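Order as written gives the chain letters A, B, C, D and E; numbering starts at 1 within each chain.
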Amino acid sequence: MSKQSQTPKAAPAPSRSMLLDWLAIQRNRITILMILAGMAMVLPLVANNYVLEILTNAWFYVVLCLGLNIVVGYAGLLDLGYAAFFAVGAYTTGILTSEFGVNFWLTIPVAVVASMITGVIIGGPTLRLRSDYLAIVTLGFGEIVRICARNLEITGGASGLIGIERPSLFGLHLNQINHFYYVFLALAILACFISYRLQHSRLGRAWQYVREDEDAAEAMGIGRVAIKLYAYVIGAIFGGVAGCFFAAKMTAISPETFMFQQSVLILVGVVLGGMGKIPGVVIGAFALVLFPEVFRGIGSMRMLVFAVVMLVIILYRPEGIWPARRT
Amino acid sequence: MSTLDILLQQLANGLILGSFYALVALGYTMVYGIIKLLNFAHGDLYMCGAFIGFLFLSLVSGLLGESWGGILCSMILSMITVGLLGVLIQRVAYLPMLAAPRLSILITALAVSMVLSNGVMALTDGEYEAFSTDLGFEGLEMGNVFVTYTQIALVVSAALLMVTLFFFINRTMYGKAMRAIAIDQDACRLMGINVNKVITLTFFIGSALAAAAGVMAGVYYGSVHFFMGFVIGLKAFTAAVIGGIGSIRGAMLGGLVLGLLEAFGTQIPFIGSEWKDVFSFGILILLLVFKPTGLLGKTEIERM
Amino acid sequence: MKKSMLTAALGCALTGLFMLGQAATAADLKIGIMVPTTGSEATAGKDMENAILLAADEINQAGGVLGMKITTTTGDDACDPQQATAAASKLVSADVAAVVGGYCSGATLPTLKLYGDAGVPFIIAASNSTKLIDANQGNAFLVNSTGYDQVNTAVELFTSKGANKLAIIHQGDGYSEDLAKLTKEKWSSLGKEVVAYEVVNKGEQDHSSLVTRIKSKAPDAIFWTAYYADGALVIKQLRQAGYRKLIAVGDGSNSPKLLEIGGKATEGVFCFSNPTVDYLPAAKAFSEAYKKKYDQDPDAYSSLAYDGMKLMADAIQRAGSTDKAAIIKAIAATKDFKGIAGPISFTPKNTLAHSNFVTLIAKGGKWVLNK
Amino acid sequence: MSDVILEIRDVETYYGKIHALRGISFSVEAGEIVTLLGANGAGKSTTLRTISGLNRAKAGSISFMGEEITTKSPHEIVSMGLIHVPEGRRIFKGMTIKENLELGSFTLKDESERRRRMEHVYELFPVLHERRQRDAALLSGGEQQMLAMGRALMTDTKLLLLDEPSMGLAPFMVQGIMKIIKRLNAEGVTILLVEQNAKAALKLADYGYVLETGEIVVKGKAGKLQQDESIVKAYLGE
Amino acid sequence: MPLLHVQDLVLSFSGLKVIQGLNFSVAQGSIASLIGPNGAGKTSVFNCLTGFYRPDSGSIRFAERSILRKKPHTITRQGMARTFQNLRLFKSMTVEENVMSGLHCRTHAGALAAIFQTPGQRREEARVHRISQECLDFVGILDKKDWVAANLPYGDQRRVEWARALATKPKLLLLDEPAAGLNHNEKIELIELIRRIRDELDITILLIEHDMGLVMKVSENITVIDYGQKIAEGSADQIQNDPKVIEAYLGREDDEEA
């Protein structure tokens, strides 16, 4: 009630001082980003393997969350089976390297194509559905992918694949956690960059139009199915590529990693941080990884505390942790 | 066993399992129908129902024994307790979120689900608890088809609950108000219906039904576990969507259809039982592609 | 304003992480324990941790190893591959001399690479998927008999009971699938028939349709290779549907809970088991000490975990230093170490030289040794 | 002192950020038919929604039978006997006609009273009786309007708010509805009528108000307004 | 050949006929109106024209091509733009972003172009901004281009809708009750604007409106529908004196004392 009680104030017209303020924020933002990036870069010099492992995992989830953010945050589609795309990437790399001896880097384009195809297969016929139905379809699809991975011979069945080759980069064999730390940091930065560019493009706007009002968007000449499919496929590529590197880092993958809970976890990261807001999603991904790790000491209460904190955050900030762009 | 016998037995299996799914799916569909929320915590209410039933059974078994009397008594107590829990959840977690973006409220539901399952996990240390009752294996044998008395009792009680619900929904003022709210909330307000009260009642009934199913599962299968709500929650959700989410009759039909799909899915020649979930999810997706509102769901005309 | 608070919170979290990963004081012998202490398998994991701590206490009271006191650090793998790598990194970062533990095969698997690269000696107490053997880089040792040994024991039992048609059910995880697959291969290689090879989803409760399918194939014996919780339900429903022939379960189902949940349906079920304290005369002292210290009975894998710790201490003593390579060498050279679960020696593949599997049978709601 | 049943003072209402009612005041006396006229978007429906509590007034006060109802919730207002038949009828499609009527008497606890009122409604609208077991969605537009009105009469109605009852109806239907309104009024129900069909409405009403962009711009006795050129202008061009 | 030609259009919802065999056409370069009492089916006609409803039968030809049962976005791409009766702005986005949505169907940059910010993409973005601002300038709210749409006063929100529709480069503009909720002055400005759109931009206009004064002033041809059927057609004068129209709007003269 109280929100509505304020009479509609005219939004401040952009004045000169506002402009200066805005520029200052912009400058500050860049400084903050530089400092954070610098910290991220030098971290492996001071941190031990455990910390690096955790942070590598965090960067990895940043990529996944940003990928899902394109589907959920930008295009407004509920996806409960995102782990499927991640699985497609991981298994593509896993199968190609361990069974056929293909070079890791060559598996990435294959994984991209595979995840695109998967995205189209699932998205094509179902994106016409309204969001709640889409939820169950994506959920079912995620389960189908996992069950296939579990039952098929080529995916190594329930035990999964082991002995996935780790790649070399410019002659350096990526074999230590700090290597992977940088690999995933680079992936995360790339994911942020691509997300940013997409968000502020014709396509990004189209996603926002469709999310805000499908019918009005249609009336403006934006084909909603095609636009949603675009989001789906790009989100799938993010997941697929992240999966490739995940497989290389873990050297062993099994279907357990791609359960429904994984999809939910990624979704939680996106929504908790703030759908559609890149810094929010990054924070969400970090919270996802750091929180359970920091509170591991409290044992069986840990996930309960996590769930309660999550509930409280969502109740107090339904739009996510990160403040909205404008009100 | 002849092929016919197998098919008949699978038919019986499917119907038994399906009546179970239907009972849980009803809660899903009622809540969805009335506030358009996919209550992901519903499966966990089922789990809580089983645990609370287990707790009550161990309390009352001294007085009433571990047989039908005690079970019935603990089932009713569990239904009431979980019904209230459902109401509490609605008040604390869903009511403040009705105006928020749809995705946020779904995440709330997921969070509630996590709170419940992790809460029970913390309380029970993740242990399986044996729900020991001395119900026998005797049953009816018709040809080669065999159904135990427990299974019959299970189906009968599920059917009774559903008939009661059906009666409530169609014959009482509150039941009619529930259906009306699903159609048009504002119009209901103008009829003098206290919409919030009816929503609360819906949560109570839906949760109580889940609890009933949970206790029945505990008794029949003989164990309870914090994770037990997950699979059934998924299945009930699927059943509700197959039937047309929001439709009471749809949930019942969807439950039976899913039960039968799974039973016969195990029996498909050439491919093993490990594919049965792919089979049922595949059918679900195909169904939604060709009939996006489920079997009994209504197509809505949207006006500009 | 909000943003700076967020940054601060992030900073705190990171600092917290650093603290967690910090090393302990020197002059102690640091041993890592890797078991699931959270998540669905926490009970088993804690039981193993208890047994290891008990062993460490006893060693310390007897003067320690090479004059050093044993201190332990626990890494929680939560029975999850991703968390397991984090736990392994934590232990490696804490600079432990060796690691004892390993419960879920799926979680242990990706850690082998980490321990292998760091050259950390690793005694695997419970995980026994045969995949572990292939992924081992030479530093890991399995003190639990592997699937191969279990399959031999199982096949022996089925053959002795005159079974020909066998049905195998697993649960779609690495451990139970591995066991099922090996049994299937072995059984077929003997020229006998596997009439059903099925999967049950974890957490599913109703198995009636599967039971009907299996019953229709009329197997002489049914082998459940997965865990007790769902196993009890499957057995109960099999018996309920009128299946009266032989049912056996793998070591993952070796728990009194199976009998408790399954009730009278489980009467007469066979179980292949690694040696648990109840059937080990040598474990009496351990069992009592455990009860005294933790006020509860030791569970299935405690004896192996206990042996693992003792063996590790013994090997370090023999190596004469905490040099990791030397320890590995010493473990490999172990000859009939007297564990409470039986003598330990290793094959060239670092698995147990002599199977210590036993067969149990459910009688009167209890597991007893099948004679 | 005349018997004022509904009193509205300086009411302001927002739809989100849109200032829909900009301070309107008027009153309805017991036994009257009062009509609100105006173009689409002028605020007529919002006025009714604000009275019945579906929308909250941001400022001003509304009182019904001497009791302040500004902050009461719709179901409380309904139980006082103020019934709102919304625009577009909003009947419960998918439920039978009988069930629709029963819902109208939700606030009644007495079963025999409910039956009595239902008889009364059936008498007013015989067609509803004929089809009482059928799905309300299958009714024609006019029948739906009858059902909506019948539903509103299922309780102890003192003031009836009717929002565009003639919308989309054939002329003979419009006449029928107007006749019913007249009859109800004769039976003692006070009526606040929002109508597009200005002529028909003014013919029926005792008093009329014309709204434009959330404000009352013209008011007067219905007979007088009927003669007023400006009203005709507003509806059929100059 | 008229720009828009509708023949025998029939639309029904679950058996209820909303439009029953409607015929009308709109000449190139004209300002036409579709009027009728509430519930007469006007908005349904718009929804059929723009592809939101699928008519049961009939034909709709636009710029000499059939657009029957085409998807809304395809129809927009072919040059028909619309506004909505209840404003359908992208509320949390800025005014300029709202208008930019209209240009989506006239631009091409894809994901790769956006990621690499190719020169073509940059040029296109610049063009999108320029055209959007020109559209805003045309409707007279360029100064508010950075406002969040939801914060605008009602009248200005309407203008954003028009600007947005103009940005799609339409041949025909459908306005659904453009005067609803506007005050007297705003209505006068609206009439002015409608004329300017036709005269300066050479866009044909079809509007649905309730405000007869406005309709009579601005339109050259008026089609009156009731119960989904055409009951009259002609100039303002003809319509005003048509007894059928008077009956539909004012109630029958002879609905006497029943």
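The working rule: a residue touches a chain if its C-beta (ideal position, glycine included) is under 8 Å from a C-beta of that chain, and two chains touch if they have at least 3 such contacts.
Fair warning: this is a prediction, and the values are worked out from it, not measured in the lab.
Across the two candidate interfaces, A-B and D-E, the one carrying more C-beta contacts is A-B. Taking the CA centroid of chain B as reference, the farthest chain centroid is that of E.
When chain centres are defined as mean Cα coordinates, D lies farthest from chain C.
Note: centroid distance chain D to chain E, computed from Cα atoms, is 31 Å. Inter-chain centre distance (chain B to chain C, centres taken as mean C-alpha positions): 36 Å. Centroids of chain A and chain D (each the mean of its C-alpha atoms) stand 52 Å apart. Each of residues 8, 150-151, 215, 300, 303 in chain A touches at least two other chains.
Chain B has residues 121, 125-126, 272, 274, 277, 304 in contact with two or more other chains.
Shown for chain D are the residues that touch two or more other chains, namely 16-17, 19.
Every residue of chain A that touches chain C in the complex is listed here, in rising order: 32, 47-55, 57, 150-151, 157-160, 162-163, 175-177, 250-257, 279, 283, 286, 290-291, 293-294, 296, 299-300, 302-303, 321-323.
Within the complex, the chain A residues that touch chain E are 8-11, 13-14, 194, 197-198, 201-206, 208-209, 212-213, 215-224, 230, 234, 326-327. Listing the residues of chain B that touch chain C in their complex gives 1, 5-6, 9-10, 13-14, 16-17, 20, 121, 125-128, 130-132, 137, 146, 148, 217, 221-223, 225, 227-228, 230-232, 262-267, 272-274, 276-277. Across the interface of their complex, chain A is touched by residues 50-52, 71-74, 76-77, 81-82, 84, 88-93, 97, 100-102, 104-107, 109-111, 113-115, 117, 121, 124-125, 128, 143-144, 146-148, 151, 153, 164, 168 of chain E. The touching residues of chain C, when paired with chain B in their complex, are 39-43, 172, 197-199, 201, 203-206, 208-210, 212-213, 215-216, 228-229, 232-233, 236, 239-242, 257, 260-263, 265.
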